[in-house]
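Listed next: structures, encoded as structure tokens.
Two complexes, one shared chain (subunit A), two partners (subunit B, subunit C).
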Partner chain A sequence: MTRTSPETAVPDAPVGDGPTARSGAAARRWAGRVGSAVIVVWGAATAAFLAQIAQPGDRATAVLNLRTGQVQERSPDELAPINAEYGFDRSAPGQYLDYLGGLLRGELGTSYQQHRPVWDVISEQIAPTLALSVTALVLAWVLMLAWVLLTAGRGRVAAGWGSAVDSFLASMPQYWLGVVLLLGFAYGLGLFPVVGGSGPVALVLPALTLALPLAGFLAQSTRTEFERVLEQPFVLSARLRGSGDLAVRLRHVLRHAAFAPLTLTGWALGATISGAVIVETVFTRRGIGRTLVSAVESQDLPIVTGIVVLTAVVYVVINLVLDALYPLIDPRVTP
Partner chain B sequence: MTTTIETSPPETVPARRPAGRTAGAATLVLAVAGLAPWLLAPGDPDAIDLAATLRAPSAQHWFGTDEIGRDLYTRIVHGTGQSLTIGLGAAGVALVLAVLLALTATLTPRPVAAAADRVIDVLFAFPTLLLALLLVSVLSPSPRTLVFAVGVGVAPGYARMVRAQLLGVRDSPYVEAATALGHRRRRIVARHVLPNALRPLVAVFALSVGQCVVWASSLSFLGLGVAPPASEWGALLEAGRSYVTVAGWLVVLPGLAIVALAVTATAVGRVLATRLEPGE
Partner chain C sequence: MSSATVTTPADPAEATASAGPAIVVENLRVSFAGREVVHGVSFSAEPGTCLAIVGESGSGKSVSARSLVGLAGPGAEVRADTLSVGGVDVRGLGERAWRRIRGDRVGFVLQDALVSLDPVRPVGREIAEALRVHGTVPRADRREKVLELLRSAAVPDPELRAAQRSGELSGGLRQRALIASALAADPEVVVADEPTTALDVTVQAQVLELLADLKRAGRTIVLISHDLSVVAHLADHVLVMADGRVVEEGAAETILTAPREPYTQALIQAVPGAGTRGRRLSPVPPVPLPDRGRGGAVAREDADPDGPPVLVARDLVKDFPLPDGSRLRAVDGVGFALRAGSTLGVVGESGSGKSTTARLALALEPADRGTVELRGQAWSGLAERHRRARRGAISVVSQDPLSSFDPRWDVERILLDAVGHAAYPTAAARRERVTDLVARVGLTPDLLARRPLTLSGGQRQRVAIARALAPDPDVVVLDEAVSALDVSVQAQILDLLVDLQQAFGLAYLFISHDLGVISHLSDHVLVMKDGRVVEEGHPEQIFTAPVDPYTRRLVASLRSLGAGAGAGRPADHRPDLERTTS
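Up next, the complex of A and B:
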């Protein structure tokens, strides 16, 4: 990250604008980015802690009732070990420091209901959700690029249809799309497994359910830029040099137009994770989403907050990676 | 160049009208369904007919019937009011929160503004549904929780939008001119910054109503929103979910109502946005 390059010894570098100054400035920008990333994660952790504190009623009683499946008053003798185990007997600032310290060690807390570390519960369920999210993200990009390349800047009719489909897809609720796809392709045509299942075939419909609205959303931001760039002088000069239409679109226009949706990738991955909550319910798949829904139902807050904090971390890491990638895509962006 | 400028207005203006008219008509239908549902569906939404359960859509039951023979069309029409109320309420919560955060982040003294800036960034790291689910898990499901949770869930995105809007106006040449003329800061904020920055919010509000209805119905679909005996659209979805294999219309048609509302809200938002644009 702090790239102190070997070229610092170049003799004729102008003072103040030389590589030294530039790499120093880059290092400072990176320090700033990492700093705000840390602040976002800390803020998310604080929000997660406040949510746990804000839960109404006595938490130790809630834990015992969840574990035994009964709702009743508990005696202090019964509550004492729970309070000691979860640290509920400590002061609020003490609990906050405990929580932050745990997060630094990679601990997300202990589930109220399952009486196991939250991290264990999450790591058991994360693989299918990750497969779903990443497939959906890739699929959304492929569909979006194909659709924009096909329709943008090809006359008013194509552009009108293009953007109409974009906004229709973007406003489609995932549960509805999922049910329609399920009824059409799984029950109607019998092409895909109806419930659960593993392997790539079972992934198609759930991934498509997540990908289509996302593709519409990404296409909206790509299309505007794509049509603007098509009018630029350098596109005309590329055509004059004899480049074919597709080559111009792929090599010159797309490089500029892909920038806007790329900045949305961190947000988009977060959106696929929260979309997984719905898609996994529709298609009765295993995964983080189902775990989250049942944790919300039973008010098992450590699991809910664990997933929330983890999502914030993923979001922040992706945005840092993107920050590192921008200068490679657009040389005008300083690292 | 000049020719395109001359020919463009007659081309674009009539093209916009039909969209505006369709959106207006759809809004009217929604308003009637919300305020006086009996005009569109005279029947009783809770009338049980055990002789006609899970009937597919037909001339008699336009949208089919549910597991105890209630007419789905009547239930959807009568559920419009509650769905719209939840959408309007959540959009209201979202915008009030967004404007408060954005105002704090742009027009207050430095340390406070910087803190509000950070709060917006932190909240934006949470996907809408996760933020809403976090609130539902603390407050336990109910219609009131739903309005609050969805409102808070969508607020960060709007807060960023309003913040950008306020910054654009605050640093604009006309505000600079007003400052150079020696006007007081408070007067500049009240006369120039707020009206210009907040005017686009009318359109944003329309957009966000559609978005909020979709999110609220998503929570209901998960069983964490309005509970089934009600005919609110999300509740209809949740009730229909168990019968999706034998009676797909019980989920597809209420979902279609929600899609229609979302598309209408987006269209109304677009029309308002172009009308409110000062240059046009």
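Up next, the complex of A and C:
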């Protein structure tokens, strides 16, 4: 008698209009989700803009100095065209509205240093980073699944080793792991290129650097639920029907235990982009991470802002996708 | 053990089965990590008969049955002189060979299909799994076979039901779907481990009838239960187990009507019902109740069964919004009056609104309409701060006390927390009160230092009752308070409740799905269905001359379950139930 969820209650709906009311409620929930996603992106964009405004010193001087590579005082005559180009001469709210308007049109502004649209700079660099992130995620899932399927619920010794390795992996710092992999497999064994390189082989070590700690995190979150579900009567029922152990784990248990790691995956995609900062530097790869580092070093704020907003969008989109996935995995979840 | 081979009924499918017993177990011993929990148990069963293994939790009955399919539990060490299924010696089988036994030779039905079927998969796929594993039918024919299995398990609309998940089915339908999945690969032996425990009484009768059909079709049924009335319905031979040993065995009729062993006798005596009113159910002597001071019997001299009611409910209505936006009327015009020293039984199946009625009486939920009065004063419709001072006058004991205790607190702290500071101002007085409460519910003071997790189910329920008594209530709401207990423990708790009521003039609002318990305890009974009271009256009248058709159906189910030994009972004695009702 307590099957109520107040936030979905529709007090005035007449009794008995089930299906319509249900799809209506689902539509309202989705509208809410998309709305809050927009608010998250807007918040990130606003924070990035405020950081630009709050930059110490005159921005036009900074831009000019960046372009010429000389640090010196500039005369108003020199600064006037820069101020006009970037709109620095307008009031702060005016600049904010310009900036938001640009975002809505898909424009991220112009780089101070390269004097090109930020979008062009990012789009040149995004592909290697996306390849790295996605490979790392897939690798993390594969490693996590194999490890959990192998060790969860197989007696105290296996479980102890299982979770010890989870914790060890999860606690490895990426910059350290990257260097260790580089020394071991690239310099030591010579299996992989040391610097840059292209093609799938060059992707292995950087992706592993991101994937191993992530696999540890994912395994930690999966293991507890996996072991709980293994004890459930429906799992015993499946065994009593004659199902084999691996079939029981794959067909029954995994689906129940996949919720926590899926939720974490949404967070992890964002995290691998910031992880890319370290990995691309250690392995000297092209990508968003290194672009971000050099943009921060040279105070090229439009690039930084662009990457922040883009990361926020990616993060929000992946979480919306996950929200759509949950009811497919567990039909009891309301869409 | 019955020595003569029972002739298999005329069923061509059974002609392939071996002529001998379908299962033979001799001197079965099971131990976990060196600790033996089953000590030399022997049994056998012929095709077309039902062997029942009866025992309370921890008796080793489930472990013994699961040894038949090599799933006694992780780390179990199973030894036996004979362990054969359908003539195959299954001792020392490898995992692969075991998998050919499971589902194919022995079908297993667990209790409560809500958790025994994967809640995220349609039941049709669960049934198909057994077909797939054993290659029973070609892939293309699986769907048709699933529908056929559902149909033969008396599931109406099999096409629709196969596509639904266990949570979308009613208790009866999902239990039948579970039975269908156990039967998929056409096993000769069906082990049913507490197959009806979580079910309402009318549904219980239907599921037992389905198992009886299987028996008549020549299958061997092994029925595992703590409930003798369930066993009476189906069993030919009964094995009573306690502490991993067989206490007594014999033909069902003999065991149920003329048991030799005191343990079996106590077990049968402990089953509550209309015929047990006013008699003690357990051989345990009553707790000597202290008769002193505040809250003692002296303070309750005003208890008068004919006096003004202590709790009155008028025309209660409660609606709940559903996720799809519609509203569910959980309680619809319920009213009652409860007098001191008496028990009002509220009986109904799951979803009948009885627990919501209890929550309205406790003023834990606001009623949408109607009023509750406690001791002649308004109780519902007030702000909680106006009620708080009088909260002690009405207390509650729930089905699962464990979850209502803080697991980090010991018993003393749990009870101290419930003793009022106003009535017992000093720490010493509160401590004394706690010692007194513990004694009232028949617990020893050394339990005070223990944590709830280390207590047995019966001890926990006694602590819950002690806590309910702490503020000296007039009314105690008991919501399925004995439903989760083994029958002998349930008997002790029911006896304790009667003793406490007589000593302190307590009024009980007793809520249960169990007609036996209700008729044992109540002075007045409300029968609820779909939020309404369909019939009320004295238990004698309700159980001997029910007027409402629903009550008649409930009582018929109870009677058929409780009536004597049921082995080979002719079909015309079956309860008059619609087979398709769920």
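The definition used in the following text is that the second predicted complex is superposed on the first by the 318 of 335 C-alpha atoms of A that agree within 3 Å, B and C clash if a C-alpha of one lies under 4 Å from a C-alpha of the other, contacts with A are read in each partner's own complex, and residues count from 1 in each chain.
Just so we're on the same page, a residue touches a chain if its C-beta (ideal position, glycine included) is under 8 Å from a C-beta of that chain, and two chains touch if they have at least 3 such contacts.
The model shown is predicted, which means the values in this text are computed figures rather than measured ones.
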First (subunit B), second (subunit C), both or neither touched by A:A127: neither
Which superposed partner A:A80 touches (first subunit B, second subunit C, both, neither): neither
Which of subunit B and subunit C A:G244 touches, first, second, both or neither: second
Partner chain(s) touched by A:I278 [first = subunit B, second = subunit C, both, neither]: first
Partner chain in contact with A:M172 - subunit B first, subunit C second, else both or neither: first
Partner chain(s) touched by A:L100 [first = subunit B, second = subunit C, both, neither]: neither
Contacts of A:V304 with subunit B and subunit C, given as first, second, both or neither: first
Overlap of subunit C and subunit B interfaces on subunit A (superposed complexes): none
Subunit C to subunit A touching residues, read off their complex: 69, 71, 74-75, 95, 99-104, 107-108, 110-112, 115-121, 126, 129-130, 133-134, 165, 167, 178, 181-182, 184-185, 320-328, 330, 351, 353, 355-356
Residues of subunit B defined as touching subunit A within the complex: 118-119, 121-131, 133-140, 210, 214, 217-218, 221-224, 237, 244-245, 248, 251-252, 255-256, 258-259, 262-263, 266
Of subunit A, residues touching subunit B in the complex: 36, 39-40, 43-44, 47-48, 51, 54-56, 167-168, 171-176, 179-180, 182-183, 187, 194, 267, 270-271, 273-275, 277-278, 281, 292-293, 295-297, 299-301, 304-305, 307-308, 311-312, 315-316
Complex interface listing, subunit A residues touching subunit C: 1-6, 8-11, 13-19, 21-22, 24-25, 155, 232-234, 236-245, 247, 251-252, 255-256, 329-332, 334
